């Protein structure tokens, strides 16, 4: 198991190395000259040239890349072009907010989605099953930003239940923070929740069809015991896989949700940096997001071991 | 002896014929009403896209300044937008963009993904490792963020949005394909092929590829919806299809500003997106059920 | 007299694709205390569904119990539910399922799974339950039960898992134990061990056993009474002796004629049952066996399905005709002579023919890796220094328990693996070390017939193009017409209608698919055909068809076979010479006759003893020497003789050096120091 | 309409609005803004005027525009301009202190101007040297007389404390504005909010009334307007016009627009007239453009509110608007005729560049359809902001969207965009006459000469050369709750206000 973890860790490092390559090369294609962006359209060519030198943009690409990676490994992601602050610091400011709402959303999606899937599987073909399947079908089809807009319209403007926008740290003002966070979290969680419900349902059905469920039944176990002790433990494995995918989707959707609810997190940072042509920040953000996703996947792979003794004990 | 066996097997023959593959497929596939409805939605969308000029009551680009932000009426069943264009006509024309985005980006993704996956799965070793780690790397970046960065890098507009979405969907196909190839490679019929001295290329194209199709078809169907959704998302951020072109995503974005006074401006294209995506999802699911040999008949 | 379990007119149906499948159609039977009742019949005949219906284990929907009663201790089990039903399940009736690999929950320890049942039914506390579970595991022969109780299912071999399943089913001392094909997936030796154990359980606990199987040998050896099922109905029932001594139903008779026996005369022609089992969809009220029945009369097709009627005493049969012994013989003779007598064909093999294939010191090691860098830490010596040869036109049988390396040998010969060492000389050329591109043309001379007729055919290719594939690969036909002609020829050769060329494999039955596989193997006109368990996946009634086909083709085309199987009766029937393997090594080689009549190696002896013969009278007088223990892991092969730990004759010297394979008499070699010595003295 | 219930108590009867009573102390003014500056404390590094208002509460300038667009002293007591001697002398108010307790004096002014010089800012071009005459007098020496310089200095140079800058370094200073304003910097959470708190030692006695000013950064317009409706903010800056129109329907909200012509933005199209191969190089073709597009209808029907149609530089009500110049009414026939005369009877193909940052995204297709009417086939080509910058700095093909800050001081502003010297829009024809007039206006030593130059420039640029096609000026509407009193929003320069006098009535 330890060897497995270490091997997976190495793999993750290789993947991240590839991520740096991809991110770096895409951003080379980004239009415009960052130096000009920084200085505005009226700057003289000499000024532009000077800034280019300062930013290291005049060095050969491979050198730029290696320098960037070298620094990135040490936790230095460069300086923002637009606001001239350390990217690491900027991300450090934005990331916790995104993490907070993402984690809440993931928890919400799992806590509601998985039981919904279980119920749908148990009541297969029944009314509840149909209801859950309709909701989850729509859940996966409704664009997150659209949902966010609807939420603002109904729950803030029409009903006045929640504040329209903003983010407050839960440590600062828990009550306000919670009020502000409810809608974004629901919007982020909705699609994931739908996926969890569907995946759990089909995983459960799959497991229910397996021989060992029949064995459990032949022993005279109660249905509840069978579901909880026998079926669920097996069905949870494909659901864990889904966590990996949904991490990507939830983090991806923060782009929209943070925009609409005005949460100063990574999603909004990426979009704004793109509009600001602040490629150093974009680069850093994408890398950090990729690191988070890659490590979540690593954790997920490791947690398979805990869910599935066939992997844990070889 | 030979003739006798043939004779006796004839009895069997009629019975086997009854459970014809296609019929069973269609029966399972069309078992639910929602699937039929979804197919109808997709069909209508395709018809709209092809015959838009015949169906749409107005020119979707024609501005009528006497009819700006008009409420729904007989002439304009869904009202008009901020420069007096007929919303219904624009939605009808918007199906062209949606169809194009869905079809072409999924085609790009699947072709590249399939080739990579086939190659990776069949070649194994270092090639496999490199391709798969690259796919992992792409997968580590959330697709929408990848798309946003791509579009930022290469510019917006229909063509780039399509290419972008196509590229960001590639890893899914490559992975699925590789998994399939690995499974099928091990199967006896490929072993048989190898024992006959068949070449790898022949095996890949003639045997592995056709047998990977079922899950691919399902994925392709589901991805139509994903692509349309992503296009809407990009347009929402102002990175998608540029305004004069009628596209649902950018229509939502345009109409979103009038949510309070003319909600229909964003509701209508939004509903179009949701309906089409739901339809593709349901059809995808039904295909999965119908193509799944284990679910034979049980539905 | 009231029975422990009495099933009356049970009707179970499934709705599939809007069709009704009458899986169990009016079945009645009973089980008394302390007896072993066998239910036999081919796949799909409704054996399992019958058993599961009683304890409501049928998935509903699509299943539905449409009628009948299942009386257990006077209660109708079909009418109870909830707590009462659960009490019966596991508490009064235990079940052991066919697939030991899948019927245990992979994520729970076996201890948990057993203890759970005990706590539920015997209301013990955790500690006592655990103690009880350990006892149970010990009683079913799991060594180190105290430690292994915390293992997960995947840490056990198939045989061990099946023991665990039995322990679990027996945990609450049920009145009835249903063993649904409980040993089918296991090796003969393991099968024998487990069945013996079950028999002991009956003796000790008075538990009744319902033995569901398709293996007539097992039935003959262990059952007290037999029910023969066909197409959802019981077609014949009686005591074991009644049924085997005077089978009455044509199905039973055909079945007995179709299977090879260990004590058959070598030349006996197997008489296959034509056709395939009927589909149970929309069953009509006529005799279900009618289309396949060699004894049918014109009248049968107009009569409603026959009912079970007394033949004598407790012997019942459901047939319109009263089939006499003469009739049986007549039909058998007529069918046997419909092909040219093959009894002497076996002696035709010129034993001094040149070798077609020679395997010399073949080794196939798989590296075992460990750690982060996947360092090689050991080798799995799957095939270790094996030499044998096959002469032109002969059939070499290769037998041994699961995991002994049979498939690995084949794969190394066929260069699907790169052999670690050794030579494979085929037709004068050493193909073991030949570069792959040079090997390609030689491939057309060697073909493989696979075990699984389902997975060995590309599901999307038409039968015609599957068969024609080698022709295209090796460019054996020049024109389209020639190609078509050859494909038609091949179809006819294996007894398939060329009109079916455009169907896909899915539209064929198992037996027909295997024929397609054989046709494909023959397409390139090979001289050598390797069959890896080519008939194991087929129903007994179909097996004979394929065996006959293979023999037939050999005669017609002068083929050479390497026939791998674990069914010793089949190997005996078809082979000229037999190689016995144990743990990657050959331990005995001989012509069939000396091997079966005078086995030398204690392992061969044990193997043969474990094979039950479908004849209760023979079985009664047979000595049941069981091979104890399990085949050790290839990874840590014991030092001296690999068979040392299971051998009844073993002494200390056996553990010291590996016994070489020595020829004790002409053409009979054995690797055992004891036997070698004996003979030499 | 959905928010009515939530704002009933603040709903102002019109009476209250007219007579709000005496100023009251207390309250925090919350303003939403979709954009956020890169720095708050270093005015010379601030690009554009868009963020000036965000710094006004903390940082003050020597002078301030009044309602008529005249520059009035603020930190300066008065100034003296001497065109002959080419000097401007500032006499500073006494006793003013920066928030860090240091004195605001002549040295500080010099230091601040020099900071601008170091940053190579165009506004301080032409300053030869700066003399500190005494503690409260600074004299600026110019190379050439520049009639616009005083306005530029008074508007752009927001005074920061040299001591604080030097003590804490440049990086610190970017995020910590230390000025003389009515409010002192409190906190800045990037992307969230900027908070200012009351300066108790403000040099204007009794001011300010508010306890603080807070900016909330809300990039999304819908979100911002929803937040406004929920009164999470009191006023919203930079809302897109359509949002404003939407909110304007609710009479509980007040919309203030800019009428002075100071700091407006102007929209239009600018052709690549500098490229001899382009059809647009022909002045007749450019004239045709003026007839082809119905600016009036577009502004009324498409832009609808928040914009005023114009046909010159700046609003038609602006002080430098030339009423005598020729008008170009919508006349497609005439446009076609002109095109034919220019040698394009069948029209031609061209491009119309648009980019996502466009204020009004629906304009390109509108232009497109008008151009089509007269036979010009314009392909809408999307470009992103960065490419647009490049194109503006180098060359583009066809018609470029034109979006500039206008100001009545034409020589100053036109030089930045339309002269040969300009680094922007280099792809256009630069008529000699325009160059001369710009020079003339800059050198003007009296207001009359300057005004004449303004009017002549308008004529030369539009009537004679059609250098670009002006469509409309924005009125930069700010949406606010009516109980915000004396805000000074949009009273002088676009978005600029007077937070020191603002108060909130109940």
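Chains here go by letter, A, B, C and D, matching the order in which they are written, and residues are numbered from 1 within each.
Note that a residue touches a chain if its C-beta (ideal position, glycine included) is under 8 Å from a C-beta of that chain, and two chains touch if they have at least 3 such contacts.
Keep in mind the model is a prediction, meaning the values are calculated, not measured.
The chain pair with the larger count of C-beta pairs in contact, out of A-C and A-D, is A-D.
With centres defined as mean CA coordinates, subunit C is found 51 Å away from subunit A. Note: centroid distance subunit A to subunit D, computed from Cα atoms, is 40 Å.
Chain centres here are Cα means. That of subunit B falls 48 Å from that of subunit D.
Centroids of subunit B and subunit C (each the mean of its C-alpha atoms) stand 46 Å apart.
Residue positions of subunit C with contacts to 2 or more other chains are absent. Under the contact definition stated at the top, the residues of subunit A that touch 2 or more other chains are 30-31, 149, 157, 259.
Of all residues in subunit B, those touching 2 or more other chains are 152, 155, 239, 256, 259-260, listed in ascending order.
Screening every pair of chains for touch gives A-B, A-C, A-D, B-C, B-D. Every residue of subunit D that touches subunit A in the complex is listed here, in rising order: 2-3, 5-6, 38-39, 47-48, 120, 122, 171, 174, 189-192, 216-220, 222-224, 226-227, 229-230, 232, 356-357, 384-387, 389-390, 392-393, 416, 423-424.
In the complex of the two chains, the subunit C residues touching subunit A come out as 55, 57, 85-91, 94-95, 97, 99, 102-109, 116-117, 120-121, 152, 154-155, 165, 168-169, 370-372. Residues 30-33, 36-37, 39-44, 47, 82-84, 90, 93-94, 149, 152, 156-158, 160, 163-167, 259-262, 264, 268-269, 272, 275, 277 of subunit A are the ones that touch subunit D when the two sit in their complex.
By the touch rule above, subunit A contacts subunit C in their complex via residues 3, 6-7, 10, 210-212, 214-222, 225, 229-230, 233-234, 307-310, 313.
Of all residues in subunit B, only 61-63, 65-66, 68, 82-84, 152, 155-157, 238-239, 242-244, 254, 256-261 touch subunit D in the complex they form.
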